[in-house]
Structure formats: structure tokens, C-alpha cells
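Right, one structure below, let's go through it.
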Amino acid sequence: MTAPDTALEPALAAKPQTPFQRFLADFFDSKIATAGLVVLAIILFVAIFAPWISPQNPYDLSKLDIMDGRLEPGTKSMDGKPFLLGTDDQGRDMLSAIFYGLRTSLAVGVTASFCAMILGMTMGLTAAYFGGLVETIIMRIVDIQLSFPSILIALILLAVLGQGVDKIIIALIAVQWAYYARTTRGTALVERRKEYIEAAQCLALGDRRVVFRHLFPNCLPPIIVVNTVLIANAIALEATLSFLGLGLPITEPSLGLLIANGFTYLLSGKYWISFFPGVALLFTIVSINLVGDQLRDVLNPRLQK
Amino acid sequence: MKRIFAATGAGLAAAVFLASAVAAAEITIGLGADVTSMDPHYHTLSPNNNIATHVFGTLIDQDEMQKLKPGLAESWRIIDDSTWEFKLRRGVKFHDGSDFTADDVVATLARVPAVPNSPAAFTIYTKSIAGVSVVDPHTMIVKTAGPYPLLPTDLSNIFIISQKQAKAATEDFNAGKAMNGTGPFKFASWARGDRINLVRNDGYWGPKPAWDKVTFKLITNDPSRVAALLAGDLNAIEIVPTADMAKLKTNKDINIFRVVSNRIIFFHLDTDRDVSPFVTDKQGKPLDRNPLKDLRVRKALSKALNRPGIVDRVMEGEAIPAGQLLPDGFYGTSPNLKPEAYDVEGARKLLAEAGYPQGFAITIHGPNNRYVNDEKIVQAAAQMFARIGVDAKVETMPSNVFFTRANKLEFSFMLVGWGSGTGEVSSPLRSLLATFDAARGMGTANRGRYSNKQMDALLDQALATVDDAKREKLLQQASEVAINNLGIIPLHYQVNSWATRKGVMYVPRTDENTLALEFKPRS
Amino acid sequence: MNPPVPMLELRQVSKRFVKRLDTAAKLGNFFGAGMREEVVHAVDKVSLAINPGEVVGLVGESGCGKSTLGRIVAGIHQANEGERLWHGRVIADMPAAEARATELKIQMIFQDPFASLNPRMRVADIIGEAPVVHGMVKLDEFDDYLDQTMRRVGLDPGFKRRYPHQFSGGQRARIGIARALAVKPEFLVCDEAVAALDVSIQAQVLNLFMKLRADLSLTYLFISHDLGVVEHLSDRVVIMYLGRVVEIAPADDLFRGPNHPYAQALLAEVPRLETRRRRFEPVKGEIPSPLDPPTGCHFHPRCPHATERCKREAPVLREIAPQRWSACHLNDAT
Amino acid sequence: MTGGSDAPTLVVENLRTHFFTRAGVVKAVDDVSFTVTKGRILGLVGESGSGKSITGFSIIGLVDPPGRVVEGRILFQGRDLASLAENEARKLRGSRIAMIFQDPMMTLNPVLRIDTQMIEAVQAHEPVDRETARQRARDALGKVGIPSPDERLKAYPHQFSGGMRQRVAIATALLHRPELIICDEPTTALDVTIQGQILYEMQKLCRDSGTALIWITHDLSVIAGLADEVCVMYAGRIVEAGTVDEVLDRPLHPYTLGLIGSVPSRNVRGRPLAQIPGMTPSLLSLPPGCAFRTRCERADAACMEAPAITLPLANRPIRCVHPNLAASS
Amino acid sequence: MPVYFIRRMMQSVLVLFVMSLLVFVGVFAIGNPIDILISPEADQHEIERATRALGLDKPLWEQYGLFVVNALKGDLGRSFVFNIPAIDLILQRMPATMELAITATFMGVLLGIPLGMWAGLRPESFSGKLIMSGSILGFSLPTFWVGLMLIMIFAVFLGWLPSTGRGQTREFLGVHLSILTWDGLRHLAMPAFNLALFKLSLVIRLARAGTREAILQDYVKFARAKGVSSRRIIGVHVFKNIMIPIVTVLGLELGSTIAFAVVTETVFAWPGMGKLIIDSINLLDRPVIVAYLMVIVFMFIFINLVVDLLYSVLDPRVRISESKG
């Protein structure tokens, strides 16, 4: 009567998936999200290999010739090189500039969000796990920070710090860490009350082990979702700050700065200086958001079955 | 089409009325910089002065080429080196109907230093005055501390208020209560940051303004301003963005008016210190001596600049290559000074002669929101320096940071500009190139700490010479010394431009002022 | 003859959950806002002794504190007051290493087969983590040990590389049991361990519990709201109401004739297969909020026999017959 | 299989409700037939995934996509509900047929007051003014034993306990004196003493007003005390039906037998329970033939054919080729 | 309730203190306002006079102390540039920004909720997917770019709407509002839409997610079982439930809408606070920066208060909690 039942449900037995495989299968279920991921992959490839695939190094001023400035897409330079997407006012090949700009934008967005994630997650986990005064202090700071518009914080911070990739990354981290801290703490508080954590405590596993082996991995999914959204936000915010004249140095333009530079030429019909970077930015943010949306759905425990 | 759209709406009567009134005698002008105060003596800032020029009069006016011409003073003469007599215009009335007399001038001069909290007072134009005496209501004597030939020029910047407003506070002007001048337009209203409304002063002593009502709209964003003009919301705009110039020129509905300005764009360079912070060898190690102290190096850098290229590509033709401090024809400019020709080979040779055959590395600093295309010019220059082996890095920043750092002498090589409000060459010579002497107000903007005894002597002499012809000679000599020695590297003069809807004409001005009086319907 | 030393004993254990006032609230009170700390007496001075090999059922309705009591026994919650003894020794006073060893002897089986397993760990890790961390098995023996543990609870060791979501509810319950068994416990606290399972699966798991008890001579504290399950499994039954124990009795005696009015009501309400088309005559009233429990005897508002005294005075748990304890003033009268 | 003398309130014939998911067609309800008579209680028993709840939803017409009633007739007082237009069906819902759900914490809209939710239920079927509707709601609350109904009408659901909310749901169901109430495990989430109260109310209601009741549950013990007839469901099909006494005392189907054996109170204390081996199969991948085959001790080659409903004894429909006739003697 | 206020007040005082300190140190670190404001021809004497006039000759801590003392008296200082009380300057500009932000929020709500609910009710339909794709675009497009595109299309090419500026205003309760005139409305339309785009996308997503979740809830099924019409279920049961997150998020977003007006105001030359803060940062007009931040913080506190109150109205489960959330 008490014979061990070894028969697993056939449906389950047929597909021995790891959570990751299951996650992949769910993810690719949506065509539009898959398309987003493909676009994102192309963008990432371009960004990473920009120095090897760009016709020109747009960041090296000695490679530019101002006499090539503002050429229309498809025209040839003075020494015969074609400019597929035209040039900007400095004679920068727009195609190369977009490749490099993607690189900068993504680097800024990803680095800033990643650093903010590390900082925010540490803070959030610390707050959730220790509780008490530590939690009160951390969460007050988070509250204060979140009760203030991000763009203003970035604006003032950048005014103080000055320009530069490092500066804008610092500003973006300062703006974003609080979101991670809040999300992490919220999730950690929910997960902490779950029975598997109690089980781990009951098994007399050490605090650190409980936090890092049990609590932390289960807090990750919402943070990953927040992360994709915030990377997109960081890229858009950087573009906006560049538009407002703060942010990156002019010689190493990100997509936002390229748009801002071309902005002045829009009404004069030289659309390509602003338009193509705008399209690149659009594709980047949309694809990240598409992927993020799908991640949200796939990782949402309530929609999971 | 717009009319039709408006007429279908609820505000039908008002819209039609407004629309027809525009055709009659109204003009709406888009301004590119914000007006901070209505007080004519609070802050010497071009947008403020521009509005004040409409409402208030000055003893001496500047014409469109900044030549002095009689204003509220019909004539003036020198009695001795430090005594001037002014004959005031008769029959001039303030907007409130009271007569203009010498007492108003006295009251004005007394108010100028008494405006509280001014961040940039008009006292820079009155400090030479030692005493004023009224001979009769229309004659007055002004005594200066020493020989001071620039008195008329300075006075052309002082707006005369009525003695009734002698004690008025800045707030009273801002609220419009004290806006009582002798100018061609009366103040009507000011919506801060948005618009200023003026109405015609029918009792104006000079030529009758063409407009019953003038509206200045403040649209600091360049494309927005152009768009507003194209959309027909504005009749005219100032500071036409260079980027849009080409397109606007081909637009049949738009007229463009351009004139060279009194603003020069140039590079200031550290010719003082033996080790300059941003000049290094190509590996980034400090050099044992500062190459910028070597005239040959400066010359090489100047030759490396393709001025016509910058004018054509960066400035879209809206600039003129510069060879000295003010465009030819301005008082004190030298006919002998011409823009340096673009000569890469010559530049390389000079560098080699100076001991830098491989070049060196330098960082060019510049503001990114102060001058037309400032950021782009710096980049273009960096490109050009790269061609003669000088590795130039570019660092631009908002002007608030830039000027604070520049004043602390943190830079080695920087892009700056200078507009001569006085319209003559002593202004840039004194501020940019004279040896720094804070107490005397010499070299106040000499951020390269250029110092040349010969130039200093010539300038001092000129500033004490009241005779115009003699002074001009001295100023020309001083210019030649400073420019040939490359105390600064001139780049170009900006071109001031205005764009109007078809049917409105403007007389472009070198001083950047946008005067409603000078807009005329095409007759 | 001295009574045997109980394996596990609780003495006057209380657990309160307090929502404290913050600075602002204190400041508000200074101006007369009249804010109070919210205190839930989840467990109120409960004493309990469990002998080796015994199965004690702990019964009560929602909010009665039975789960909290279970967690105190398992060492997950610390009691605010009172002592927990293991073979007569206070666990809190033991040296750290010994205390930890003791905690491992007391394990818990949880209710929710979904939430009680870490979704990001493989079955092998879920079961095997603790014995490895605590050095209870050598690495080269680990696989054998794991297989043996899995087989013991009726799981195919071939599935040890899988994740919890790939198992059915009943299998998950088995994984939870295997996890507890892996550290060689002597005492198991089962908190509603079968409540979430279907009847047919529930029967399998109950059978497993009984088999393990026989094989490994385990002692159980079996917490459940299902009187049928408790009746089937337990030697003795403890009934709780709003944080207090109202009756303790051997299972046979209790189901033959409950003493406490609450126990009587509870037993009367239990639907049974044997009773057909009965007329339900329910006990009146709602279960009060543990935030604001009634004065005196917590059950008095619903009790058909309540007197004035019941409103004022909380009855103590008294031994009314050998092995039978009850907390009711009615027992004083006779 | 009917025990009553009145005309049946509801006759379900060969009902099939399928869910068309990406993974395949889930036959949640597969060829289900039964009859409910006025004033009597039909128990629908099964474990999770047996299709008992979907049967309830199919009757009241609330099967959500991707689910769909694909076959069968649902005759309510002679009208076939399965063929009604949505608007016609809506008119029946809440007035002639009502339903009570499992989780009382979820069935009331948390942001609407009780009176709003009850008045809309009144006004959905009768064009009465608010005051009359409120009066009706108040009476209904009083009837299910809610004290001071006037006050409670103005309250929000969160101010009620679980038991009280279930009473409100019952009161709402009673507003139009329906002929049929479908109760989907309405006491599962409640404590024993509160369950007793609810069962009491429902029983009284059925006795007093002659409403027919379908009581869906997994708990055989509740059925034993409450129902008149019982249908046992397994994997979307009814495997056995009959009166409560017949089915519980003399189960014919091996599954019913196992189910009864699994109830602890039925067994000798401390002895192993008579369990059913294995686990409930996924509806997506049912074994061919009899769905219970893989867990059945009696299974043989004959079970590879899907068994049809047979009547081995009078009024004892069963879906099994090896009915346990010996036990029923 | 009183405790709730005390808690909010304590938080706000802390925020105000920290913000003002940061701005003081920040502006000090950026540069010297005199360098920007003064005429470059000014001599040493004039520079010193101006420095004294603006109180910048004192050490930073003393300047800050003075500011705190004055702020407690309700005086946030005078603008360096405009020489009028900074707070007046901001209050003059505030109606324009508030008008823009509130109009944008309303646009977002009025368009977003129906679209979002539609997409939530028909998640698999073409229109539902189209709405969602649109909302992702709205999320992703940088505000400034959209602003310029709007000007290009509606002002330059089509000539339907005025390109920039605020248009005619009419005074109402002492505040100049452009929403009260036809001309003003025409000017408001584009910037408000530009600013609303992000909110709109947000509302669509919230409404869609809320609807999708709500229609699966038992109470919706129960309402259907009661025979309630689907129009009432969607319009009352679902609607009231999705309003809770929307009101909360939008209320909190109103603050950042006001802040993000910086960009829209720059593009559309809208004379609001946002343009003022950018200019003030450029001119290092510290009193205005400080006063602006103070006003924003106060506004946030006020908005939070209103949101909390609204929240307790919309969601009866939430009292203005006497205990910590």
C-alpha cells in the first residue's frame, strides 16, 4: 500500500526543463518580443564591434574633415569615401557616429543601471534583512530620493559634476539606485515570509547562506525586469540631458547628443543628422522595452502556471 | 487657412479682430534671450538694454553701425581735457507728459550707482564722471576725473529716466509704474519670460514709429523661434540660427537682414605661465616649457586655422574671418591687419623651428551655450590642429562653469568672444589684452594674462587722448602690436541676422539690438 | 513513580506580535492622538509536554495560534516568554553547537507544497543542502544518502536533478518531508502538512507519516484544522482557541466526550461520512479578532454556558481527570 | 437517478466543455449528464481537476475562453441554456439560477459597498427604484442571519469576516428566489464552526423555499451530511451517481471506493488508510480508455476501451467495466 | 490622521533641509555667479561691490545660516538676476507650468483609460496590440524629439496650431490661465500633448494590466453570475478597481510631470517654472534654484497628501493609516 510511487506525470516527465529552459520557451512564445530580442542583439553586436565595423572613427577629430560637413546621405567625401547616412556639421560619418553613439549610449545605460542595481540591491537586501534602524535610515533616504523628480536630481548633479561619461553615469546611478533598493526590499520582504525561508532556518543554515543562496536568487526576477526598464530609462534620460546641454562631451557623442546636435538642422531640411540617430535610439529603447515587457510577463508569478 | 480655422471657433470676434489688427500696425518680434528686468539701471545685459532703448532715451544714440549720433543731447563739445558741455534737445516730453530737462539727467546719473543688489551695475559707464553741473534746463557741464575721451560712448549706454522716478525701486519698473521714458514706445505690459507689450509714443521727438503696438515674444529655443516665424506667429525674429539660414534664404516668404557684428570670436591662450596646465607632450607628460609663450608656435596655430572653412561649414557663412579685434571700419581698427591665411605647411615649419617638429598635445576649452556654434568651432579647430601635429582635445562646458574656471586661469587655450558695446577698439584692447591690473580695470578679461609693455603704453596714451584722430592712430598701433604678437588668435566676427515675414524690412545693426523702430513695412 | 522526562516541553510560552509606534505617532500621542501599539497575543502562556514516540495533534480554527506555536516548537520563532526544553534541558541555555544540533533534531513539514520549496534549487540541493552544510554526510557518500532519503519518502531518485515545479503537489509534499528527514530528526512538527492535498493524495501522505513513525521512531506534533486527520493519527490532542490551550486529552477520550464547550462545539461541527442528511445546529457567532480578544474566557461570547465569571476571569488549564486537562470554569462547579 | 417526484429543475445531458489551449485540447467536462430536482441537493464530488467546477460554470454560462461548451444540452425547466443568446442567458443568471463561489474573500468587489453590489443585482433583473432594491437587499441579509443589516449594507467587504462575506454572497444569490443555486465549494475556505453555520443556512433555505441545489465539493463528509444525491467525477467524467446512501455505503466504482477509503475518520485509528496509488492524471494527456485505469487495481485489457455509462443496478449509473458489485450486496 | 500629518511634516522638513544644503554646496561648487552676471569690463572695485551686494562675500556656512534664518521667516531670498524675491518669481511662473502639467495629466487619463481598458479586454485583438505597441512607442520616444516633430507637423506644415508660446491668458482668481481663452487653448494643445504622451502610455499600460487582472477576479465572475450587464461590470466593477493604481501612480507622476515640463517648456518656449530653473542653473541664480526646489518639495508633499486622501476614497481597504505602511 505504501509502495513508493515513482510514476511522474507523463507530461512533466517528457520535458525535463530547468527553470531557465522553461523561461526561454515562455519568452520566445511572443513573436514581437522575439523580434525585439533580435533587434536588440543586432544593436548589441553593432555597439560592441563598432570600432571594427565603422567606416570611420568618429571620435578621432583628426579623422574628420570639416569640409565634409553636412553631406547628404549617399554622397561621397572629398577623397571619395561614401557616406551612407551623410555627415554631421563636423564631417562625421553619421553611420559610424551612430555605431559609436549606440556604443556610448548602451555603455552609459547599462553601466549606470548595473552599478545602480548593485548599489540598490545591496541597500535593499540590507534593509530587508537587518530591519530596525538600518532599514529605517535606508528607506527614508530612498523615500526622499524617490519623492523627487529624477530629471531634476540629474540636472543639478550634472551641473555640479560637469561633463563626462563618468559624470553622467554617476548622475544616473544616483537617480536610479533608489528604485532598485525599493524593489529589492519589497521582494525580499515578500520572499522572506515564504515557507522555504523558514525551512532553511529550521535546517539551521547560516544567515549568510539563507540570504545569498535562498533569498537572493528569488528576488532576482523582479529586479531583472526593473533593470531592463531602467536601462531604457537611463538611455532616454541621458539623451534628454544631452539635449539640455548637460551630459556627455561633444567629441564623443551618444545617440542623444547626436540628436541634439542635429536638432538645430531639422527645420533646415538636413534631417539626417538628427533623424537617423533618432531612429537608432527609438529601436534601441523600443527593443529593450519589448524584451522587458516580455520578461515581466514571463517572470510574473501570477501569470505563471 | 489659419484664419478659417479660428473663425469657426468660439473666440470668433476676438480672433478676427486680432488678425486684422496685425495687418494694420502691429508687429510681433521673437527675441532670442530673456529679459531679466525692466529697470534700465539694474543689470547691463543686452536684452534688458534692448527693451530700455525702446522706452527710454539716451543723451547720445548709436546708429546701426554704432556711430554716435545726437539723442536727447543735440550736441556736445569738449571744453578742456576733462570738461564736456552738452546741449539738450528742447521740446522733448516724457510719456507722462512732463518736460525733459537737465535735472532728469542729473537724477539719472544719481540713481545709477544707487540701484541695490545689481549684479552688474551701469556704474562702469559713469565711473569716469567727477561732477555734473546744470547751466540751464537744456545745458549741462560734465567733468571727468582725468582726460576721458570715451565719455560720449559711455553716456550712450545710460538710459535717462524722469526725475520723478529718481527714487523708484526696481520693482516699480518691473511693475510698469516707473516705466516713464522719452523713447519711441510706451511700456504696456510684461509677462515675465513670455512677452513684452509696447505701444507707440505719439509724442516721440524723432521719426514716427511704424507700429501702433509691438509685442516681443521671448523664444530662447532656436528652432522654436524659427518655427514660430515660419508658422506666421511672428513677424520677425532676431538671432537667426545659422543652421536654418540656408533654408530661410530660399523661402520666398522670408526676408533676411544681416550685418557683421561687433562680436569677435577668438582663442585666448596662456602666454604667461612657464608650465601651462593643459599643454603637454603627446604622451600626456608635462612639458618643461610652455610652447604657447613662443610666438612661432602661436603663429603656427593661427596658420593652422582654416578660417574660411569654419565660416563656411560651421557658421554657414554667417561670419567673417577675423584679422583683428573689430571688423574693418570700426573706430580704431587697423587697415594693415588681415586674417591669417590657412597654411598647413607654413604652420608645420614654424612648429619645427620652435622645436616641436612632432607637435604637442593641448586641450581646448570652450563654453557650449554662450556663442553661436561655440562647441562646433572648438571641435573644428581641434581637427585643424591635428593636421599640423598638435593633438587637441576638446572640453566644453556650460558657460556658468566655463567662465568661473576661466577667471581662475584654469585653462591654457580657450575659445571666447567679445562684443564691443562701445563700438570701438579700446574696449577689447583694455579688457582682453592690457596687462592685468584689477584696480585700474585693465585686463579684466585677460584670461591668458597676455602682457606687452609697448601695447600697454600705447593704450594708456590713447585712453588719455581726447583728440579723436590722434587717438584712433594710437589705437591702431596698439592693435597692430597686440595682434601681430598674437596675444589672442582671432577667428571670426559673428554676423548679426534678423529674419522677417515678407513685407517687413529691418535695418540690421552691429550692436545686436532689435529695435522695433527700425522695422518698417515695405512701402 | 516519576513521570518520564518529556522529549520536548514548552513552559508558559508566549508569543506576541507588536506593531510599535514610530516617532511621529509618539509625537501625535503627546498632542493627544491616542495611538496604541497593536499587540497580537498569538500564543498566550501555553505549556505542553510531548513524550518520545508520541503523536500529538494540535487542533484549532484560523487565528488560534497553532501555526505560531508549531514554529516556536521548531525554533523558527523565538518566544517572548517561557522556556523550551529538550529532554528536560532548556535549549536556549545550551552551548551554541549543542543548541544547533538540538534544533536539527526538531524539524518541520510545511503546509504549502509550492511556497515551501525554493523554486530555484534542484531537488538534490533542497534535500541535500543541510546534511552537507552540517557535515552529516561525506561527499563521496552523498549520492547514496540522497537516493536512500528520496526512496524512503517514495520519490524516484532519478528525478533528483529536477526542480520543484516539475512535480505534482503530492510529490512536493514528499520532497518537503525528505528535506526534513535528511538531517536525521527525532521530532517532526507537521503544520497542516496535508491540508493542500487532494483526498486520495492526502491518504498517501498520511500513510507515509505513519510508516516513517514506525521505521524511524519519530515523534510528531501534528497541527491541523481537520479533526478527522488528527483523530486518525494522534495519541493525544491539544485544542487551542485564540492563543490559549482549552483542552488536552488522549484522542480516544476526547472524541468520546469532549470537556470544554468549545471542544464540544468543534467536534459537533465536524462533518462525517456516517452522518447523513443531518440537521446542522451551529455554534453561534464569529471567531473574534486576535487583535481584540474578549475578556475573561475567550470563548464566552459564543459559549452556551457562559456565566458572569467567564466574562471576568480567564479559566486556567486544570487536570480534570488523569491525562485530561481543560480550561473551563464549569469544571469548578461540579 | 432522480429520487424526487417533481419535474426536474435541471437536466444536463451529455455536456462537454473543452478548453482549447496552445498545449492541446483539455476536455475539462466530457460527457456529463445528471438531473436536479426541486428542493433537493445534488452533490458533485471530485478531486482537483476533475471538472466539477467547470460543470457548474457551464450550467450558468460562465466558461471563459479558451473554454467552450462544445456539446450537450442543459435543460433548465425545459429551456436549453446551451443554445440561449448571451442576453437571454444573462437574464436567467442571478434571477432563476444563482451561483456561490469558493473563496468568500474574492467574490465581493473590494471597492464597492455591499449595498451597491446587492442593489445592482436587484436592478439587473427588475426595474425597481433604489430604495425598493435596498429594502430587498436588507431583507435578504436578515434572512441569512446577518445582524443589523441596515448598517452592514453601508459597509465595505473588507469590514466583514470570511463567513460573513459568504453570507452576503448567499443573500445576493437569494435576492430573486432562484430555482437553482450552484454552490462551488462555498465552505472550503471557512473554519469548521463557520462552515457549520453556512451549511445550516443552506439546508434551511432548500427546505423552506424548495430551491434545487448543486453542491460542488471535494469533501465527501460534507456531502454525506447535506446532499440527497451524489455524482462522483474523475477526469472530466461522472464515474458514479446515485443517492448519498447508495454511493457512500455501497460504492460500485473502484475510484469511489478508494476515495471513501482515503477518508481518515472512516478507518481504524493509526492503521494505514486505504489509499489510491498514483496521482491524478493531467487532463492534457489522459491515458486512452478508462482514465482511472493506471491507478486501478482491477484494470485489465478491457479497460483500454473507454467505458460507457451502464446501469448494473437500478438507478445506479456507473462508468466502469468491473463494477464492485460484491460490495453492494 | 494627525499622526499621518506629523509623519509627513517630519519627512518634508528633513527633505527641505537636505535639499537646501545640497543646493548651497552644489551651486558653490559649480561656479561663482558674479563671473557670469557681471559685465566683463568691470574692474576689481565693481566686482567686489557686486559680490557684497549679493552677499557672496561671506563664508558659505554663514550664507547658509542666513538663508535658514530668513527661510524660517518665510523669506527665501532675492533672485540675483531679477532682483525680486525668488519665491515671487516662481509663483509668477507656476500657473503656466501647473496648467501644462494638469492638462497633460487629464489628457493622459481621458485618452489612456479607455484605450487601456479596450486593450485589456481584447488583449489578442489587432486593436489591442496596436494600442500596446503605441504605448511602447510613447514610452520610448524622447520628449524633445516628439515636441519638435509636433511643431514641424502641426505648426509648420499644416499650420493648424501655433508653434510656440503660451497665447492669450485670462485672469481667474488672480491667476493668469491660458486654458480660458481659445487662443490659449490652441497654444496649450501641442505642449500638453507632448508632455502627456508619456503619461498616456503609462495609463494605457496600467489600465490594460489592471483590466486584464480584474476581469479574471472572482468578483467579476460573481457579478456576471448575478446577471449584471457587461457594461456595468466594466464601467463600475473593473473601472473602480483599476482607478486605484492609476490614481496612485499618476498622482506621484504629477510631480515628475512638472519636473519634465523642463524639456517641453524648452522646446515650446512655454514660460513656466521649468524654463526658469534651467536658466537659473545656467546663471547660477542660487536663490531661485533653492526656492524652486522648495516649491517642488512642498508641491510633492501636497500632491502626496491628495493622493493618499484620494486613495482612501477609492480604496476603502486603506484608511489614512495610523500605523506605518
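Just so it is clear, A, B, C, D and E label the chains in written order, and each chain counts residues from 1 on its own.
Criterion: a residue touches a chain if its C-beta (ideal position, glycine included) is under 8 Å from a C-beta of that chain, and two chains touch if they have at least 3 such contacts.
Worth saying up front: this structure is predicted, and the values here are computed from it rather than measured.
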- [ ] If you tally contacting C-beta pairs, which comes out ahead, C-E or A-E? Let me know.
- [x] A-E
Open item on the list: Based on mean C-alpha positions, I'd like to know which chain lies farthest from chain A.
Closed with: D
Open item on the list: What's the distance between the Cα centroids of chain B and chain D, rounded to whole Å?
Closed with: 89
- [ ] Measure off the straight-line distance from the CA centroid of chain B to the CA centroid of chain E, and report it in whole Å.
- [x] 37
TODO: Could you tell me the distance, in whole angstrom, between the mean C-alpha positions of chain C and chain D?
DONE: 32
Task: Touching two or more other chains - residues of chain B - done: 223, 227, 230, 369, 398, 400-401
TODO: Would you please write down the residue numbers of chain C that are in contact with two or more other chains?
DONE: 168, 171, 204, 207, 211
- [ ] Scan chain D for residues touching two or more other chains and write them down.
- [x] 272, 274-275, 277, 279
TODO: Going by the contact rule at the top, pick out the chain D residues touching chain E in the complex.
DONE: 60, 62, 90-95, 98-99, 101-103, 106-113, 116-117, 120-121, 124-125, 156, 158, 169, 172
Task: Residues of chain A that touch chain E when the two form their complex - done: 32, 140, 143-144, 147-152, 155-157, 159-160, 232, 236, 239-240, 243-244, 256, 259-260, 263, 266-267, 274, 278, 281-282, 285-286, 289-290, 293, 302
Open item on the list: Using the touch definition from the top, list the residues of chain A that touch chain C in their complex.
Closed with: 1-6, 8-9, 12, 16-19, 22, 194-196, 198-206, 209, 213-214, 217-218
Task: In the complex with chain C, residue positions of chain E that touch it - done: 2-3, 6-7, 10, 322-324
Task: chain A partner contacts - residues on chain C that touch it in the complex - done: 71, 74-76, 100, 103-104, 106-108, 110-112, 115-121, 129-130, 133-134, 151, 153-156, 158-159, 161-163, 165-168, 171, 176, 179-180, 183, 204, 207-208, 211
